[in-house]
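Each in structure tokens, the structures are laid out below.
One chain, chain A, links the two complexes that follow: it is found with chain B in the first and with chain C in the second.
Entry: the complex of A and B
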């Protein structure tokens, strides 16, 4: 199902979040992430799509049809809550079969068929054998998959997931991420999920919508978002980044009274340059490439690379440079080393 | 309590004497103020033998009092079950103007003396009350009749179910109901298949407390009842009349019935709490 959201606004809700003129389209079968800091309004947007929040203005179209007058129960959305909200007085199988068992008598399948469908979905989410457990007897990851199976049971037009991995530990989170992508590719449901974890959004989604203070900053593929962020907010939100407040002058950028050595001319009117940590190279003094002179103030290991905190001799905040771990192993840095921070790439706003 | 002796550290075992003292104090207090009077009731009731006991309980006025008490309790519990569910559902699951006022008002019967509660109904429905003359003209007796006793009992026991359910429902939040709605359930389906099962143990607990109080209510009922033997006497009132007539054995016999009902309620409550603590969830979860 295709979803179009047109100029959707909502004044502050009970939790103090607002939406401000959101415009976006989600194609049939697409997997879209709503990414933003907490309190940005991303969950409110998800709930508005489901019909759990009523927007003040704007429209939501399902396959071109305005659903404003359609109640939640008639929207045919599969919603998975962050806390899963499994019915704790029912077994796993009853949970999954609930959506079918509450249908009006005319369209309700017979009991045996509901049970069979529930078991089939539990196989799909790899929980067969746990039909008669109660939610209290399941692990977090299992509960999450029951909630997903329950949402899929009504054959929803769109699957909406609120922080689907938020309550899980890092390892289970990673496993389920790949598993969800796989499930999406097999079932082909249009899927929208909310997350505050950029890594999760970039890795899992076809397109990522970045939401900040109730506004849509940009919706793009992960590669576009990372390579060509549309706003300073996205630059700062995705990955660790160094910001330089500059005055642009004839292709040069003046920072703290010095001309920043840049790999390309600085566009006129630019006020702030963003340089990602891996775009800032840490060089030994005396190398041919120009850079910002300074000294290493901190060395932090971070998985596949090492982060250096560099104090620029020109003052200002600490600069962060990323060094691949292999380079670091052959030429280690230590605190107090003199270093030159060379800008390899930048984005200007 | 499972850990003892060597597994406990020295620091903890130092407190053992203090703990024993507190325990003894608690038990002594319990025995003096709860067990002793309870035993006294049964001892006094049976002091003149089983025959006198049976006669006192089977006497027509006593039987009428028991029947009236059961009738009034049944009506009061049913009313407050419905009201308590409706009130706590609306308070916990929706926001509306006047919500905090409603929550405060629910507590009113607890904070007002039962005698005052009874007097309010006399003022409203008595012969010289606000609605009294009109009702009397239409042949409806409220005060010094069964309807008045029911009204007073409903009023006094109103908070029990709601008080039990509101915190429980608030703690559970709206998530389950919202999920059920997205899955296509109607309002009644959500209520009967999701909300009600989620609170069933808490609800039963509230009903039990309400039931216990409805059977034992004295003050408010005493004001509106008129003490007409065989007609408007509930069990507590009957006990008082017998006592005032120096018919101690009979008074304690009927009182022992009330006490038995109270003990039964207590036992049921304990069973419920044990079940509620299980994996199915219940009071407090």
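Entry: the complex of A and C
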């Protein structure tokens, strides 16, 4: 199912969050992440799509049909809550079959069919054999998958997940991530999920919508988002980044009274330059490439690379540079080393 | 030294198990078990034949039936309306909510005789409510129905106060999730919320029921106390005591105890089973 959201606004929901003229389209079968800091309104947007929040104005179109005033019961959405919201008094199978068992008599499948459908879905989420357990007897990851199977049971037009992996530990999280992608590719449901974890959004989604203060900053593929961020907020939000407040002057950028050595001319009118940590090279003094002189103040190992905190001789905040661990092993840095931070690439706003 | 003293039993992190359990058992024995066992001792003076004769007396049986029947009916009524009241108090914010909330506890605090006298005055054929019901042919005061009314009054807080916190604990997301799956409001309540409330509701019912079985003060004014019609077991015990038939009074008390204990045990077992099934309460 295709979803179009037009100029959707809500002045503060029950949790005090607002939505401000959101416009976006989600194609049939697409997997889209709503990414943003906490309190940005991303969950409110998801709940508005589901019909759990009523927007003040704007339209939500499901396959071209405005559903903004339609009750959640009639929207045929599969919603997976962050808390999973499983029915504790029912078995796993009863949970999954619930959506079918509450249908009006005319469209309700017979009991045996509901049970068969529930078992089929539990097989799909790899929980066969646990039909008669209660939610209390399951692990967090298993509960998550029951919630997913329950949402899929009503054959929803769209699957909506609120922080689907939020309550799980890091390892289970990673596992389920790949598994959800796989499930999506097999069932083909249009899927929207909310997350505050950028790695999760970038790795899992076809497109990522970045939400900040109730506004849509950008919706784009992970590669576009990372390579060509549309706004300073996205630049700062994704990855670790150094920000330079500059005055542009004839292709040069003046920062703290010095001309920043840049690999390309600075566009006129630019006020802020962003340089990602891996775009800032730490060089030994005396190397041919120009850079910002300074000294190493901190050395932090972070998985496949080492992060250096460099204090620029020109003052300002600490600069962060990433060094691949192999380079670090052959030429280690330590605190107090003199260093030159060379800018390899930048984005200007 | 301390370690030597503990040899054999591993030391516990939470201290004072022996002391607290000892005090608990002694206290429970002194306050509950010893007085109750006196009932058995007194009744035992009758011998089996004497006990059976009193137990089989129609007046005894009827009084027991009235007490247990009216208590069960009143607790059932309170289970329905007490849940409704708790629902309103938990789910909605309205002016005067705190006052309503405080009103619920009044039956706890009011001397039961006061409640009994006001109820009797209200429901008597010439009272405010009794006067309205009389033309309809409904008699409340001096009938078992009147006993039920008094027991509804004293039992209400038990249901409200046990259901209220559990209802407040139920995550709104659980109800939203039922709605998203297409359940109507009624289906959501009956199939999702009510099963979650069931243990608390059962506890409230049990407490209101237990209170109703033993209630005396508020009942005797409105009941009329007509033997074989509206005479409750606790009153019959008092009557027997006034006749200096302590053993007969004890026999009736023993019957009440046995029946009440069996019922409470059964209800507790149902709850334990439910808790095992659902996990944390």
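Here, the second predicted complex is superposed on the first by the 349 of 349 C-alpha atoms of A that agree within 3 Å, B and C clash if a C-alpha of one lies under 4 Å from a C-alpha of the other, contacts with A are read in each partner's own complex, and residues count from 1 in each chain.
The working rule: a contact is a pair of C-beta atoms (placed from the backbone, for glycine too) under 8 Å apart; a residue touches a chain by one contact, two chains touch by 3 or more.
Small disclaimer: the values here were computed from a predicted structure and weren't measured.
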Combined model on chain A where chain B meets chain C, clash or fit: clash
Just to be sure I read the superposition right, which of the two partners does A:330 touch: chain B = first, chain C = second, or both, or neither? neither
Applying the touch criterion given at the start, work out whether A:83 contacts chain B, chain C, both or neither, answering first, second, both or neither. both
Residue overlap on chain A between the chain B contact set and the chain C contact set? 50-52, 71-73, 75-79, 81, 83, 85, 87-90, 98-99, 102-103, 134, 136-137, 150-151, 153-154
Considering only the defined contacts, which chain C positions touch chain A in the complex? 171, 173-174, 176-184, 187, 191-192, 195-196, 198, 277-280
Taking the touch rule as given, give the residues of chain B at its contact with chain A in the complex, in rising order. 95, 175-176, 178-186, 189, 193-194, 197-198, 200, 279-281
Along chain A, where are the residues that touch chain C in the complex? 50-52, 71-73, 75-79, 81-83, 85, 87-90, 98-99, 102-103, 134-137, 150-151, 153-154
In the complex formed with chain B, which residues of chain A make contact? 14, 50-52, 71-79, 81, 83, 85, 87-90, 98-99, 102-103, 134, 136-137, 150-151, 153-154
